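Chains: A, B, C, D and E, in written order; residue numbering restarts at 1 for each.
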Amino acid sequence: QAKGSDGEGASGKFVYVYPFDITTQHYNAALPNAALLVPASNAELFIPRPAVLNWETQEWIPQLAESVDLTDKTLTIKLRSGIKWTDGNPVTSKDVKGTIYLQKLNAPQGTVGWDQIESVTADDDTTVTVQYSAAFPGVEHGALKVQVLPYARYGEWTDEAEALVAAGAIQGSPEQSALAEKIAAEDFKDAEGGFITCGAYKFKDIGETVITMEVHEGGLFADQVKFETFEIQKGDNATSVQLLLSSEVDYSTQVLGATDRQTIAGVDGLKELSTPGYDGIGLMLNQARFPEFADVDVRKAFLYVLDTEQIGEIAKGQGGYYLPKTYTGLADPHAEGLFDDVELEFYSVDHAKATSLLEGAGWKQESDGWHKPDGSLAEYTIIGVEGWTDFTLSGEQAADQLTQFGIKVAYENVPEDNPWGIWGAGDFDIAVRQWANPFVPYVYGAWQMTWFTDNGLTADAMGMGVPVDAVETATQGTVNVAELYRQSQQGTEEEQAAANKILGIVFNETLPRLPLFLNQRVSYAVEGKRVKAVDPGDYELNDIYFDNPIMVRILEGGIEPV
Amino acid sequence: MSTVDAAILKPRKQFGETFFGRVWTGLTRSPAGFAGTVLVLGIVLFSFVGPLVVNQDNPTDTTQIWTEPSSAHWLGTQYEGKDTFTILVNSGAEPIWVGTLAALMAVFVAVVFGSAAGYFRGKIDAVLLQLTDVTVTIPQFLLMLAVVAFFDDIPAWGIAFVVGSTMWAFLFRSIRAQVMSLKEREFVEAARLQDLGTARIVFREILPNMAGFIFVNFVIAVNQAIYAIVGLYVLGLMPSGTPNWGLMIHQSWSQNFYLNPVAMPFVLAPLLMIVLFTIGLVTMGRGLDQALNPRLRER
Amino acid sequence: MSDPILSVRDLSIAYRTGRKESVTAVSGIDLDLYEGQSLALVGESGCGKTTLGLGLLRLLPNLGEITSGSLTYRLKDGSRADLLQMKKEPLRRFRWNEAAMVFQGAMNAFNPVIRIFDHFADTLRDHADGKKWTKAAVEARAGELLETVRLDPDRVLQSYPHELSGGMKQRALIALAIALDPQVLVLDEPTTALDLLTQRSIVQQLHELRKKFGFTMVFITHDLGLAAELADRVATMYAGRIIETGSARDIFYDPKHPYTAGLINAVMPVKGDRPALESIPGYPPSLKAMPDGCAFNPRCAFATDACKQDRVPLSLLTERPSGMDHSVACLHHDQVRLARSATDQLASFVEGESANV
Amino acid sequence: MGTPPRTAATVVRRVWTSYAFRRVLQSVFVIWLVSTITFLLMHFMPGDPIEIMAGRLNSAGMSHDQALATAQNLVNYDPDASAWGQYLDFLKGLVTLDLGNSLTNPSKSVLEHVMEYLPWTLFSVGAGVVLAVVIGVSVGMAMAYRRGSGFDHAMTSIGSFLTGVPNYILIAAVVVLGYTVLGILPFLDMRGRITAGVEPGFDPVFLGDAAFHAILPILAFAFTATGSFMLNMKAATTEVLTEDYVTVARARGLKPGRISRGYVGRNALLPVVPQIALQMGMLVGGSIVIEQILDYPGVGQMLMSAIADRDYPVVQAAVIILATSVVIASLIVDLVLVKIDPRIKSEGQDA
Amino acid sequence: MSNAPLLKLSGMEQVFETKKGPVPAVGGVDLEVKPGKVLCLVGESGCGKTTTARAAAGLTKPTAGTVEFRGKNLAEMTAAERGQYRRAVQYIHQDPYAALNPTRTVFSTLSAGLKKHGIVKNRTEARAKAAELLQLVDLTPPESYLDSYPHQLSGGQRQRVNVARSLALNPDLLICDESTSMLDVSIRVSLLNTLGRLRDELDVGFLFITHDLAVAKYFAWDGEIAVMYLGKVVEHGPTPEVIGNPQHPYTKALIGAVCEPDPDLAKANRSAEQLRSAEIPSLRDLPAGCAFHPRCPAFEPGLCDAAEPPLQATPSRRKLSCHVVHRDLQRATPDATLTFDAVPGSRRPETESAL
């Protein structure tokens, strides 16, 4: 029935692959983790946000909003008019306001951008005003990126959330828990009208292995999109490889291993879309357990031992990783331009340097291996996670290389069900762990990962035991990392930049985590089969799981059928 | 009485009639038993002696990833550029010895409990019987999953223990039933009438009559244990320390090697090894059964 | 009377025991059976009685095989047919209809999972020849049959085999055997495993049935008492061959084969005095290692070199009508005498008798 | 002999001593014990559903504390409740058939949750077993009838091959050879349980489609079972063929079809019938690996993920339901056996 | 000494508890076995012969009554006495194959008891002794049997090995349960002759169980026969008397039912008296009064179905439990002698009218 007035221009179909599961997933979009396709990259197509971010320019690309404006502590969201929900209601500021309140109530304390919200008001049908208690670049991120829920269905809850926020309830309070439970108990599987959406596409058929979406007349950008149908094939890695092999899919965001990539290499029209990722794999040294790791020289020596290129090659395969240009704890796109005027240490394999650093730190190499200053043999175990292949391979290789250098390092896997518990508790010698941060488009995300994740420093969750209050550095003196971190999030643009610069230098000097390599995000497209060209356009640096460039381009009408 | 005839004092050697004699005959005479034994021995040798013969230096080599079979790499190389054949040679030992250990354990427990329950009956019997009912009802894999999850750092012999403990129930029942019927057999009664003592009756009169049955079941149990252990690896629940068949299959599936034609030697080699080994065990079991099953023998 | 109802010529039966090996369990049997006759086949365990009995109906197990000979029956319609040439379907129709068999293990002759009624129904229906056997018709016919063997039809028909005692099962089987009015009835040890009293009553009923229906019987047993009771003709078997055949009185009172004599010598009488008995020394030969010549020679007191040379054929001693000739396969039959005094007395009596015949 | 007066006491006594009743009682006991063991296993298993959910969230970009706080909301679980209290609740739930809601997906009761998957596993296992019984029984009988023939030898080899080699290995080989190497297996189209757009219902289109998608699991389940039914049926038939009543039946000139069905087949099936329940049980247990290898969304796969999530109620419910179905299957088999083998009843009363 | 009983069962009862109710398999029997003498138990299947024998062998405990060995109650024996009893009383099972362990050689079977009880010191002695035993039962030359397994022996040979084993411990009493029922006539005779030699030469006492009256008569000619019916002894006396002149209707029926290997006798026998019923009553539901009355041809209503007849001595050197016979005896002159004529068919008929 989609073939109607909006039919001009829209034809053909675009096929995406994603591992959904209709037996357990449902239509309650207030539970994004468990709702059908809501956490997927293609969510922009049916459950839009006020705006998405262009990661390179850090500018907002308005979606449901016509324009957004943050002036002082006030965020004004001007909605497009004429957009309709599938139940026929227009999209109004009430929907947006309610959604923001619900998110605010459920956001854990200490979350940047949510803590600072004071009030949300719907000034008229298309204007939402968010009032912040403090303003800084990035504060608007949370509010702008909510997936907007229809008031008609969720109004009862959003109203309750608004009232609770007004009454000062926070996440974890009994009222909030009660509401959360109420929400969790609803799945809308049998709800009238199915999944209520307001995007360019709406659900047509929900099959066990295929979900078909069709153009939603009256939905956001329905007039711009060029595909009549958008199909999502259910598929994990294996299936997406098979689908790519038989050209049954146009776009896949599954992380494929080196072998998979070789498997599909010969497919006609295959295109690898590769963007530098914002996170990487590194090693956490447990300073709380081994005091010798507090010595900066020891950590540096370790990094000089490791052939990170080989590790990346094995773990991720050609094209699946890249080595950072600077060892500042930041992915290249974030580091760009920040450190042009400072001299940074560059850690490439240099066993001689490692030897002299260790000897300088009082270590001795004997026939059975390196001995610590106290004379005991240096022996460690690296833990990786069962089933996380890149972790496993990186850990194995690192252990191998350190052992060959003479530091006895074994490798072991921990079960994949709860490595976070193990890391958080500091129950390891050395652990393979991410560095930098793929989820947060702002630099501070990297600092969070470096200094605050798995570094609880409390008695029962010591983590890696790296100090954050007073860190001795050669060039910056003693710095308070925690304070700088706060500034990097909540300062003005200049303050943020300054803090970021100092923290980068501190990272480079003290190596709180040993960065091995950065992940290169690779996604796959098949061109020429159904789709003319799959191209990220201006959004090349957008992360494919957050603000996916291809989806933004589809909405813009930048991707067309053959 | 006159001096005893020397002929009487010297027992006639009847190797073919002793237990091991019959095992030997069973394994060598019947074509099936022979083929099975050759297969099993071959794979055992390959897996236990092979690692001593084959050069163990198998470095990661990023320039040699997924190469085709060649004279340098008989089965080509795998995803790290390591030699697949070398990995295969090293992959058999663990499943085999763990499986054997598990089977030994299961058979041992089943024999001890089974003969106790069958011989003494009464309370122990009732309790053990109920226990087997439950053991049989809980899906074996589930029990193993739970235990494997419980001890996160489980050593190989621990796995053997776990697998063994899920397998004993079936054998227990048949052993118990056999002991119960053997106990009532007249020759056991005859032994009691001669006042030969319980220990002798159980160990010398009853158990030897089941030796064939137990032996055959041991072979079957090894097979089942390998099924279970490899299964655990395939599910990816086991530490990936030592190379083994199950791990190879797990990697083939979890990393989608099975979709890549170049990876076929790596994917198919462990499958083939398991197929051959289990067929070997089964045919060996059949040969043994023919040689040892009293029902077949009496005829 | 001139035409035998069954004639067997040179029948040999072998069992396959291995890939290429086989043992001959029955060899070179010649036998003519006349209408209304009752022939007892006697001999020690394993001498091939059952095998021969099964052979007469071509019922050998998978591994058994008739290796030579012919088996000619005179059918109800008067025609003659060689059983060995019969195709599957005619053979099936022949069985039970022309010749039925009551088995050694009557205890297991019934399918344990169906009722006795179903056994009758199956038999009648599979030989229906177009007739429709309704439940009531089967019940009527089966009831009639069961009554002739003095069983309560109402109860028995509804029973499963395991609910009947051994004697009842045996009687039910006899009733089943005569369901189609066969001309020939082969009974393989029909009373072993039964109590003395039950045995007696079955023997009694067999007599009555014979009187009533007049069928021809081949009665297989190793109990010489039963043979004496039921047979008017006896054939002794040893190691797969008939070594002596004659009328019952010939065999019991004047056996001419040392083996037959040995058997009769070893029988313990209940009535009369207690004689000292002697056994036949040694054991029957293994089928795999048959001695040359007369198979009995290793155990025989009269054996001479001649006995070890060639097989000894049956030779006619006394000619009698209807196949009741007394023949024996022994070179030294003239030396054979019954040892036991009590029977000597009987034997002398019989000699006088037979002169009268 | 008249019937004894039917007082209430005698009726109670009758029921109490009746074979079926005692068998049912025993089954209930087994189910209780299995449930309790499962409960204990689950509760002494390390790992806490909240932590695991927190880890998930954490990996999606929250800090550990934040993730933990969110997880506490999402997962309806009180780690501090006493084990004893939980056990009592659990027992109560067991009796009232209310085993609570899934921890990770609280919008559904665990029964609903499990029932989303269970029918598919039961369908594929059931179809596999039916296939196996049909093939195994007929081939097994044919083997016994032609003992020693080439057919027998060939089938015996195939039978022991099928029983011996793990079914997941066989099916893995089928996939690799059929899909990757030869490219004849439409593995991709077989994904999932039904093709998109096929409406569930009791019609041939749906059943055919479901069967198409389940071909591989069904095959995998049928492999082992077929082999063992073949061999067992052959052994049983061989034994029955030597029974006197079969010889007697042939002597009675019964038609070959009647003999093979009513006399040989029926009796040879008796020892094979209990095997069916046993096989069902083992196959349902083995579905964990099969469904993982074939990526078939059945109860085995669900169990794996529920265990990984420490979704206790789901795991418990699944195990109890599985155990119950195994117990019920064997109960049915026993009761059916009483029906088809008249001897058992009297034995059951005697011994 | 030879007249003190070796084995004495008094009032021995054995009731088996089953789900369907108690089964009184043996209901109070009194028996004695003297050294060098044979006591033969005969009766139909299920009448309790084996049960009696098993209790006598100490394999089961009787539910009532006592089993005494050389005057000592089995139930009250000390461990040492029991050990002695175990060795002095041996039981030979019915099935010669089942009673031999298929995994042990003849030597191993024979020597186990010898070694266990210290009768032999070492292997050499054991083999010599075992060979001696084999010779005793006519398995010669012994060396060709010593190392055989049971399945390599024929039925008769197995039966002899069983006998040899039971002789290994120099028993005073042998209990033979249907030891010859599975054997062919000629082997049966030779085994009975072997056992007879033991009885006569070594003074071994026998409790000999059979359902074959001919065997009973042959083996127990100098001893006694006890006829059992449904767990009770109904007639008990010296063998020639009981066989030659049975008085209990049941014994009469048994003897009348025997088929003699004599065609003429058989013909004459055909008119033998019929029992009133062929069905044996169930032990669980014994008829009131005399257990035989539903089948008994001499049944007299009011007399036989009222009270259980006691086992009483009669003038003709035997004990008997039958109301009718006892009553008739009392009525008749007390010294009436019964002749063989009383046994139907015990003689060849005088007239040839049957032919």
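Just so it is clear, a contact is a pair of C-beta atoms (placed from the backbone, for glycine too) under 8 Å apart; a residue touches a chain by one contact, two chains touch by 3 or more.
Predicted, not measured: the structure shown is a model, and the values here were computed from it.
Between chain C and chain D, the least number of touch steps comes to 1.
Shared contact partners of chain A and chain D, listed by label, are B. The chain pair with the larger count of C-beta pairs in contact, out of A-B and B-D, is B-D. When chain centres are defined as mean Cα coordinates, A lies farthest from chain E.
Centre-to-centre separation between chain D and chain E, using Cα means, comes to 56 Å. Chain centres here are Cα means. That of chain A falls 94 Å from that of chain C. Chain B and chain D have Cα centroids lying 25 Å from one another.
Our note on geometry: chain C versus chain E, Cα centroid distance of 31 Å, whole angstroms.
Looking at chain E, one finds that none of its residues touch two or more other chains.
Counting partners per residue, chain B has 149, 152, 253, 259-260 as the residues that reach two or more other chains. The set of chain D residues touching two or more other chains comprises 47. Interface residues of chain E, counted against chain C in their complex, comprise 44-45, 154-156, 184-190, 193, 211, 213-215, 217-218, 221, 240, 243, 253-266, 269-270, 272, 274-275, 278-280, 343, 345-348.
Residues 60, 62, 65-66, 79-80, 149, 152, 236, 239-241, 253-257, 259-260, 262-263 of chain B touch chain A in their complex. The part of chain E that touches chain B in the complex is made up of residues 57, 59, 83, 86-87, 90-91, 93-95, 98-105, 107, 112-113, 116-117, 123-124, 127-128, 131-132, 141-143, 146-147, 149, 151, 162, 165, 168-169. Against chain A, in their complex, chain D makes its touches with residues 47-48, 51-52, 54-67, 69-70, 72-74, 76, 101, 104-108, 113, 116-117, 187-188, 191-197, 295, 297, 308-310. Against chain C, the residues of chain D that register as touching in their complex are 147, 241-245, 247-256, 258, 262-263, 266-267, 270, 340-343, 346.
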